[in-house]
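Before I ask anything, let me first share the structure, which is written out below as structure tokens.
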Amino acid sequence: MIIIMKSHATKKQIEDVISWVESVGYRAHPSTGVERTIIGAIGDKRDKEILQYAETLPGVEKTMPILKPYKLASHEAHEGNTEVSVGSIKIGGPEFVVIAGPCAIESKEQLLKSARVVKKGGAQVLRGGAYKPRTSPYSFQGMEEDGLKILKQVGMKAKLPTVTEVVSPADVDLVESYADMLQIGARNVQNFPLLKKVGHSRRPVLLKRGMMTTIEELLMSAEYILSEGNPNIVLCERGIRTFETATRNTLDISAVPVLKGLTHLPVIVDPSHAAGDWRYVIPLSRAAIAVGADGIIVEVHPQPEKAFSDGAQSLKPEKFYQLMEELKAITSVMKH
Amino acid sequence: MIIIMKSHATKKQIEDVISWVESVGYRAHPSTGVERTIIGAIGDKRDKEILQYAETLPGVEKTMPILKPYKLASHEAHEGNTEVSVGSIKIGGPEFVVIAGPCAIESKEQLLKSARVVKKGGAQVLRGGAYKPRTSPYSFQGMEEDGLKILKQVGMKAKLPTVTEVVSPADVDLVESYADMLQIGARNVQNFPLLKKVGHSRRPVLLKRGMMTTIEELLMSAEYILSEGNPNIVLCERGIRTFETATRNTLDISAVPVLKGLTHLPVIVDPSHAAGDWRYVIPLSRAAIAVGADGIIVEVHPQPEKAFSDGAQSLKPEKFYQLMEELKAITSVMKH
Amino acid sequence: MIIIMKSHATKKQIEDVISWVESVGYRAHPSTGVERTIIGAIGDKRDKEILQYAETLPGVEKTMPILKPYKLASHEAHEGNTEVSVGSIKIGGPEFVVIAGPCAIESKEQLLKSARVVKKGGAQVLRGGAYKPRTSPYSFQGMEEDGLKILKQVGMKAKLPTVTEVVSPADVDLVESYADMLQIGARNVQNFPLLKKVGHSRRPVLLKRGMMTTIEELLMSAEYILSEGNPNIVLCERGIRTFETATRNTLDISAVPVLKGLTHLPVIVDPSHAAGDWRYVIPLSRAAIAVGADGIIVEVHPQPEKAFSDGAQSLKPEKFYQLMEELKAITSVMKH
Amino acid sequence: MIIIMKSHATKKQIEDVISWVESVGYRAHPSTGVERTIIGAIGDKRDKEILQYAETLPGVEKTMPILKPYKLASHEAHEGNTEVSVGSIKIGGPEFVVIAGPCAIESKEQLLKSARVVKKGGAQVLRGGAYKPRTSPYSFQGMEEDGLKILKQVGMKAKLPTVTEVVSPADVDLVESYADMLQIGARNVQNFPLLKKVGHSRRPVLLKRGMMTTIEELLMSAEYILSEGNPNIVLCERGIRTFETATRNTLDISAVPVLKGLTHLPVIVDPSHAAGDWRYVIPLSRAAIAVGADGIIVEVHPQPEKAFSDGAQSLKPEKFYQLMEELKAITSVMKH
């Protein structure tokens, strides 16, 4: 943390800041320039939150944190890029990975039909929700454990590893006994007890960015999981909330290269939730592969017009096959 | 839900939309105007999500929900305004209620000192966090049950009812055995398992708006708690995330009169978290009372410069006393 | 500007940064700490934009501007607070000033009726638009010079100084020949040719914050006017654009105390445009006076249901009188 | 406009709304359903603003505009897609168009060097600013007419059509005498006098979305130009302002397919201003072509480290050549 004094700060004010820095357990390293004094606060604690108080001390112009607040998620902590295994599939390696399936598991038949489409199109992982965090208590809340059982059966039958969302720490053990990957949804990105719990899981974690989570906060949430011991995290950009209402959220496509510059973890894109409208899913998926994402997660449903949830943003089978063809074409010209 | 057809929609398209509406369990009520056809979809299910799919059907211009998605939280469900009792204090009645105390419980001595300030200033409820949801895993995470014990002891000694945050469904029973009111923090406003759990609590709930939550979503979260059977909810505006960085969040002061128009539940304001800087807490508190809020929740600390968390936004005792004086002056001229 | 090197920056990288700083006309002042080197870039040019490039140089962790980019608008440039005279009225002094009138001037009769209401209610300045910046080319664009003539006549008759918007540099001379104060609207807050032009005017300027303008950018726009020689500026917070759609914009009430801390210029609030709904104008006006604003600007119309523009947010006469009564009550207990 | 009455609206309230609709010049078309009455307000005026007032009438639940507020910009007004000619180049046709050059024209030598790079890389149009809208009055404001002269000379020498920004209605005649295309910058997207003025120009217009502008508002600004008679408009997405600060703005990549669905006008992307950092320009450009944009506009500078403005987001020549190669590869697999 650097504390920058005002140009007309008094000697007394500077001394008071130095005393205070030391009183809260840091070393103060003042540097007197031509125009003003700058005080470095040095210590080995990564949490420098208490130092923010300095901004309200007399004579202080502003403060500036220097260290990135995450460590295990940063490139410094890990050479090269992490590849995360989901069953036999690797996310973050040379292959572009497509995770596909319905928003919610509605029945065995529905998921089987979906899985056949997913497999036929050439996607590598099956998605399907058994616990649905819904804005309304009157909306379909998911099939819960019955859904998990269907997911496992269908995944095995279709030879596709599976990913499904977990919404409560108490459910983690159950969910990981059925699914190959645990998803933390956008609304739970700062559900810290849940993050700590999946940090102890043996399953890889798909961590979605919240709709109002900064990139740095997303990495801090990954840091929670990493610091509990689970190194297998895939980050997912799924749209942020802005003033624009033409799409459900605004896909922050720039987050992909920004994250690639900051972390060794794989980064995928969810164009379905970002757009909220299937008509934009194909172009946004093309943008995702072109910008350098490691994969996408898309919603596919055999009959979107009858889907219990997210029908408007789910691709029909034929549109999904078209998407897969277009992705293959771009893959062929992308450098890795 | 109203489905508005394009002006040049064909008869076939109109018929297809009607068939589809009926196929998903609603009655279709078409109305042919001079320029276009409008189709009402009528049914008794409050969750009309599936109808959103209509927007992607051929010939449809747009769709429009009519019913408010919340019911128990709306004025129609409850005559007059709800008064929520916290110990012997009523929030939502004629009295403006001040909830005050430190961000985190750090020790018995610290909380005792804080409570004396809170009491002396004339505030009615003591706050203090034992479970702290922190962006960084390296930050102080709270004293947990030890903190709860201190809170109970200090509350009884100071004769102040208490409120404290709960962050996990598994902790609700424990927390309600120590505190008079349960707080759901901004990051948990859409933690639905937690909302359902406090919906079964006998304690009143202080529900904070998330920094990413619309007013309608906040009311939907209240609806989760109400629909589980707990009618005692106090809503809290605490700042939303915007592009402006001069304050930590942007206090959405208009949310107070908007909420008053939509719900019978009491509404309070948290100026400390909105601003993130103690220098703005007094003017924002004055704005809160003037705009018609039922109360405020503010952070007070005997020594903000040594606080484990949120020191920069905590009032010192003398500033807190000044705040209470200024609030009293405005109260005296406000109509109820 | 401070340039912070990475902890593992090489000596060569540090030297390269120093050379580059000097090559673009600044003095480099390196300071080698225990963990990293910090380089101050010192020069007398207030525009340090070129230095931002440093952030992309090898070995640089980040850069940080120190000087506030505005000077004339800051407290350092001017002792105490500026009082801006509009006719015989002073904004920024002990008196809370209410500017009121219709959105647009529609006819002499309409403005006369409005002015009588404004005067009777006790407001001090008359507003009315002759040039209307409208999102749609098909909306009423204002009466232009005919409107200005009416404004002048009515202002004189009602003994109220007047403020009206100017939207083009070419119109400034004309508008200042009719009105006592020039308004720069939210959409023109970064219309730099217009700012420069009103910087040469002899009239005071009411400068509205844009709906996506930061507080710092607003002060930079004021700096444009100040640096051209016009010291008489009143800043106006009128709501910013956020994700919340319950109100037209989100009134950033915190901007008032933040601006008071940064500048000597008066600050007023426009609750009508912020809310877009007359039902919130009275509570938001109370919040404005309580938070410490120097005044408000509100829309009043004798017949809002027939207004050419902004009818939904205009107060009827009786509501306006009620507002003025409530403001008087709060004024009586506010300290100055 | 559709006006939806509350389910318990009285007969008197319904009649009052109908009378009011007719009193402001529309025909009222009521339709009484099982649960509530819906009133269509029909008229041939595209500006239905006055009807918004209905939302505040007693018994009204909400109102809903039906017609899109723009007409000439919509697909209904124009079959197929518009191709806009800039010199001999067509934007909006089968060819992906790259507009490139420095942010600001700094000298003839600088622009000549830039133009050689632009030409060698294979871009089709040269950009360069002579009038620079700058947040700070102390920043370089552009070479003005001297810059325009250089732009014309260099464009002719390099055989590249040119585009440059115009910031004031008074400058339009001058600028169009030197440049092949007029740019309206983000800050002027709702500078209506300027839009009207370029609506009379014989030059095509590059209209940038503002950082605060919705997609609908952008189309309304295009409508201003179209309704004055100039049909040659290219729309440009350049990033919107959000809470995320890792990039200067957030590139709203979804705006491209959304706009393609709403308008016949070409749509290009400006990755340089969106990101504010040259390191993200190549991936974002790839995303732009993949999502279906008609072109991009990028900043290229022979020596970004010495640029008068925007150095941090300008590509060096070698990076620009790399970009052009990567775009060619993706072009080869994109369907048109």
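Chains: A, B, C and D, in written order; residue numbering restarts at 1 for each.
Simple rule for what comes next: a contact is a pair of C-beta atoms (placed from the backbone, for glycine too) under 8 Å apart; a residue touches a chain by one contact, two chains touch by 3 or more.
Computed from a prediction, not measured in an experiment: that's the story for all the values here.
In this assembly, the chain whose C-alpha centre lies farthest from chain D is B. One simple way to say how far apart two chains are is to compare their mean CA positions; for chain A and chain B this gives 26 Å.
Work out the mean CA point of chain B and of chain C, and you get 31 Å between them. For chain B, the set of residues touching two or more other chains reads 212, 241-243, 245, 279. Because contacts link each chain to all the remaining chains, their graph is best described as complete.
Interface residues of chain C facing chain B in the complex, by the touch rule stated above, are 212, 214-216, 240, 242-247, 250-258, 261, 274-275, 279-280, 283-284, 286-292, 326, 329-330, 332-335.
Interface of chain A with chain C (complex): residues 2, 4, 29, 31, 33-36, 38, 40, 42, 61-62, 64, 66, 212, 241-243, 245.
Residue ranges on chain B touching chain A, taken from their complex, read 20, 23-24, 45-47, 49-50, 52-53, 55-57, 69-70, 133-140, 167-170, 187-188, 190-193, 210-212, 217, 220, 223-224, 227-228, 241, 277-279, 304-309, 311-312.
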